[in-house]
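In the two assemblies presented below, chain A is common to both, partnered first by chain B and then by chain C.
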Partner chain A sequence: MNLTPNTQASLAADAAHPTVVECREFSVYYGDKQAVRSVNLGFPEKQVTAVIGPSGCGKSTLLRSVNRMNDFVPGLRTDGRILFRGENLYRDRVDVVEVRKRIGMVFQKPNPFPKSIAENILWGPRINAMVARGREASEELVESSLRKAALWDEVKDRLDDSAFGLSGGQQQRLCIARTIAMRPEVILMDEPCSALDPRSTAKVEELIAELRQEYTIAIVTHNMQQAARVSDKTAFFFEGKLIETGPTKKLFTAPEQKQTEDYITGRFG
Partner chain B sequence: MLESTRAGAIPANPTKAEAAPLETTGNLVFRKRRELLFRRLAAAVTWSVILILGTLLYRIAADGLPWLSLEFLSGTPSRFAHKSGIYPALLGTAWLMGLTALFSIPLGVAAAIYLEEYASRGRFTRIVELNIANLAGTPSIVLGLLGLTVFVRFFGLGRSLMAGALTLTLMILPTIIIASREALRAVPHTIRQAAYAVGATRWQTVRGQVVPAAIPGIMTGIILALSRAIGETAPLIVIGALSYVAFAPSGPMDQFTTLPIVIFNWASRPKVEFQQIAAAAILVLLTAMLLMNLTAIMIRQRAQRRHRQ
Partner chain C sequence: MRTIEAQLNVIKDQLLSVSTQVEQLFGDAVRAVDTLDAVLARKTIESDHRIDREEVEVEESCLQVLATQQPVANDLRFLVGVLKVNNDLERVGDLGVNIAERALFLSQLPRVDAPFDFREMAEKTRRMLKGCLDSLIQRDIELAKRVLAADDEVDAINREMYARVYKAIEADPARVQSYMQYLSVSRHLERIADYCTNIAEDVIYMVTGKIERHKPEIAVPQQARWT
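Moving on to the complex of A and B:
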């Protein structure tokens, strides 16, 4: 083969981080309104992909389409495909429960279950028969999940207390731990820090950097600094369209599109 | 002028802040007066209600307490007031409430879950909702007539506890359904999303997260509904509950009487003694209701402790 050094480099990168989730000409309609317009975007394995753009640009809608959370929105219609390891998530007979087991999600506002901290971790694995019966297996799963979410030391003495007694930042890390406990392949994060104070935000960002070793992460954020800090790849959306995507460093330092540049320099949005 | 705006006003214009008096002046005088007036009005209303209730309770207790005894609780009705007891009525009420709870709670909660979590909004649900609201407003005596036609005659249940419990179930179902729906609706949407996001099916979400979180509200509806049912008389008389039963019921197909019916019967007699034992029976009925509500409240609080802070 006769490849230029540049292409070789990008191919090598692709081999280390193959695309796990890939949108192909994917569109979402709310009634007559088109919220996502024929998007082509890949999420590479064990990388953090940030999706940025002004409010209402369709970035959350796209993210929620990946684990089929949009199925609950009445009047919503999709077009095109989202491939998960090559399989179209929107073909017939795909079981959404199976999809959500493998593609976890962390929401904008911390939403722990109104149960104890331990129960929050265990509920998902239990209903999916993913944890062996008995105390030992349960305790182990609780501890390992909380450790991975950097929450263990703060809560190990009150695992049976209500999750509502935790601070907002701790609750959000609990939600991340709950997602991890399902051993998903992909974690979707829908503005996970928008309800948190700066210190909690910093902790969650550290955590994302940590989780990147094991999981493929897609994060929607309003905060451009956050995207620059945590992500490997960034996609900029505007009015439902994917304007530009590329390695985060490149997109923030040398954007190709005028709109991208205007947005990241704060000229609009 | 206002305490709370003072902090904001100072940096903007210090001289003005100095000029503004910190005491109560101007229209704040009227606002404070109005506040006080309303507070006193609210307190007066509350206390007058408590006073009326207290007087009522005192009168009943004064009449009835001397008659309360073990013989009164375990005896059967008689032509003579001093030989009369309420055992059949007490057991009748217990049986009736047990059966009514058995029918109405699962039916009501299940209907609420279906309407709130499963049914799609449309003409059908609107019609069902309208009917439930209408049923809630139907006079109980009309439901008694319905019970007489359907349960007593058509289904051939006779004048049994079963027919009575089913009639009362009809009467309190709307209350349970409406209260349970409110409680389910109050469960934040984010909890449902969280459940779906960890791979829960709809039923697992409802069963494992939504219903447990709604239990306090559902229990409140059940308390209200059963409290209404325990004191109900008219529909039971219509379906043929007897006022004189010498034997306690021993099964759901037995004939029965209940405390409210016995009270109604005794209270309408001219003899003072009967009015007094009616008061004694009222005390028993109130105690039974209190015990029932206490149980429900305990269940509610246990659920609240488990699911809230």
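Moving on to the complex of A and C:
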């Protein structure tokens, strides 16, 4: 395939952070409306990639396409490819459940199951037979997942209490712990802090910095400062198109495209 | 208009006011040396207080926007540039005061001919100062690059100064005090020219996002030089 220089830049990977997920000429249509327009974008391993842009720019649609979450949307059609470790996620006979195990997702609003804190962690691994029978293995998985989500110390004495008793920020970290329990390689986060107060937001952001050591993360956010704070790479979308992508520190100090400049400085969008 | 835009416009005006006063102070200081006018020298020294006050105001305005607006990209580069330019302008003002103080001294000493082409050096420095301030206002990086190139000439005159002063003192040891004052003037002019190059580099950063400091290889076409 012939790639333009810009495309090469947006897919460029370095040896330390090879590309894990790669959108190639990827488009999404809702009926007649094209929501994502022939996007080329790579998500480097163990890095945080932020996807920013005004409402309706296609950023959430793209993110949800990465773990086939859009499959349920009626009238939705895709074109192009999304490669996960080189395999096209949109080829025929892909095991979608397996895809979602390896590419987890955290949503805008914390959505714990109406169960205990421990059950929230164990539910996914149990139905997927990913946890050995017996109390010990379960306890170990609950603790390690909650520790990785920086929630263990706050909930260790009430693991059997309902998850609904937690604060919004704690619920969101529980959802992250639940995602981690499935041992994914990639974590997609769709506006994970938009329903949280500044303190809980700061905790989730610290957590993202921690998780980055082990997981590849893609985060969609409306909060530009958050993108600047937490990400290594930023991609700016407008009207379904990828306008600019590059190292976050470059994009927020000296962006190359005027549209990016205008958006991040608040001149439009 | 966005709030930040209005705030940045205020800062632009504030910096413009500081730069106008610094240019004025510099011109007065040079004239005071040229004419050995003690009254003008004293007035020049006095005028620095207002620059000092306004410099603090510019800094406070910048800090306020940084704290409340979380600026990025162009806006961020502008503010960082203003903070640095503001600081450099204040230092140029101080050096202008030093030059005026030399004028005051010289006016009380027996007259001697300046041991170097004071007017030429002062004029080159003045053009650098005007050039860097114009490049700032017009966001003109070509002009900023010409300022960078012009610095070598001022440096060269300053280097020659030592030899010339040495000779002048040898020839007329009784006038050593006066010659030492001129040596100081030359060094202050050279320092001012250095600050002008700092400002020009900051202009290049503000406009392009590229940090051009410590890069002697910046290409300036020969015909683009103004001398």
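The rule is simple: the second predicted complex is superposed on the first by the 256 of 269 C-alpha atoms of A that agree within 3 Å, B and C clash if a C-alpha of one lies under 4 Å from a C-alpha of the other, contacts with A are read in each partner's own complex, and residues count from 1 in each chain.
In this section, contacts are C-beta pairs under 8 Å (C-beta built on N, C-alpha and C of every residue); 3 or more make two chains touch, one makes a residue touch a chain.
Because the structure is predicted, anything quoted here is derived from the model rather than measured.
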Fit or clash - chain C, chain B, common chain A: fit
Touching partner for A:G134 - first (chain B), second (chain C), both, neither: neither
Contacts of A:A228 with chain B and chain C, given as first, second, both or neither: second
First, second, both or neither for A:K101, with chain B first and chain C second: first
Following superposition on chain A: angle at chain A, chain B versus chain C, Cα, nearest 10°: 140
First, second, both or neither for A:G86, with chain B first and chain C second: neither
First (chain B), second (chain C), both or neither touched by A:F252: second
First (chain B), second (chain C), both or neither touched by A:T265: second
Superposed model, chain A: greater residue contact from chain B or chain C: B
Partner chain in contact with A:G75 - chain B first, chain C second, else both or neither: neither
Smallest separation of CA atoms, chain C relative to chain B, angstrom: 23
Chain C to chain A touching residues, read off their complex: 2, 4, 70-77, 208-210
Residue ranges of chain B in contact with chain A within the complex: 188, 190-191, 193-201, 204, 208-209, 212-213, 306-309
Residues on chain A engaged by chain C in the complex (per definition of touch): 224-225, 228, 252-255, 260-261, 264-267
Complex interface listing, chain A residues touching chain B: 67, 69, 72, 97-98, 100-101, 104-105, 107, 109, 111-115, 123-124, 127-128, 162, 164-165, 175, 178-179, 182
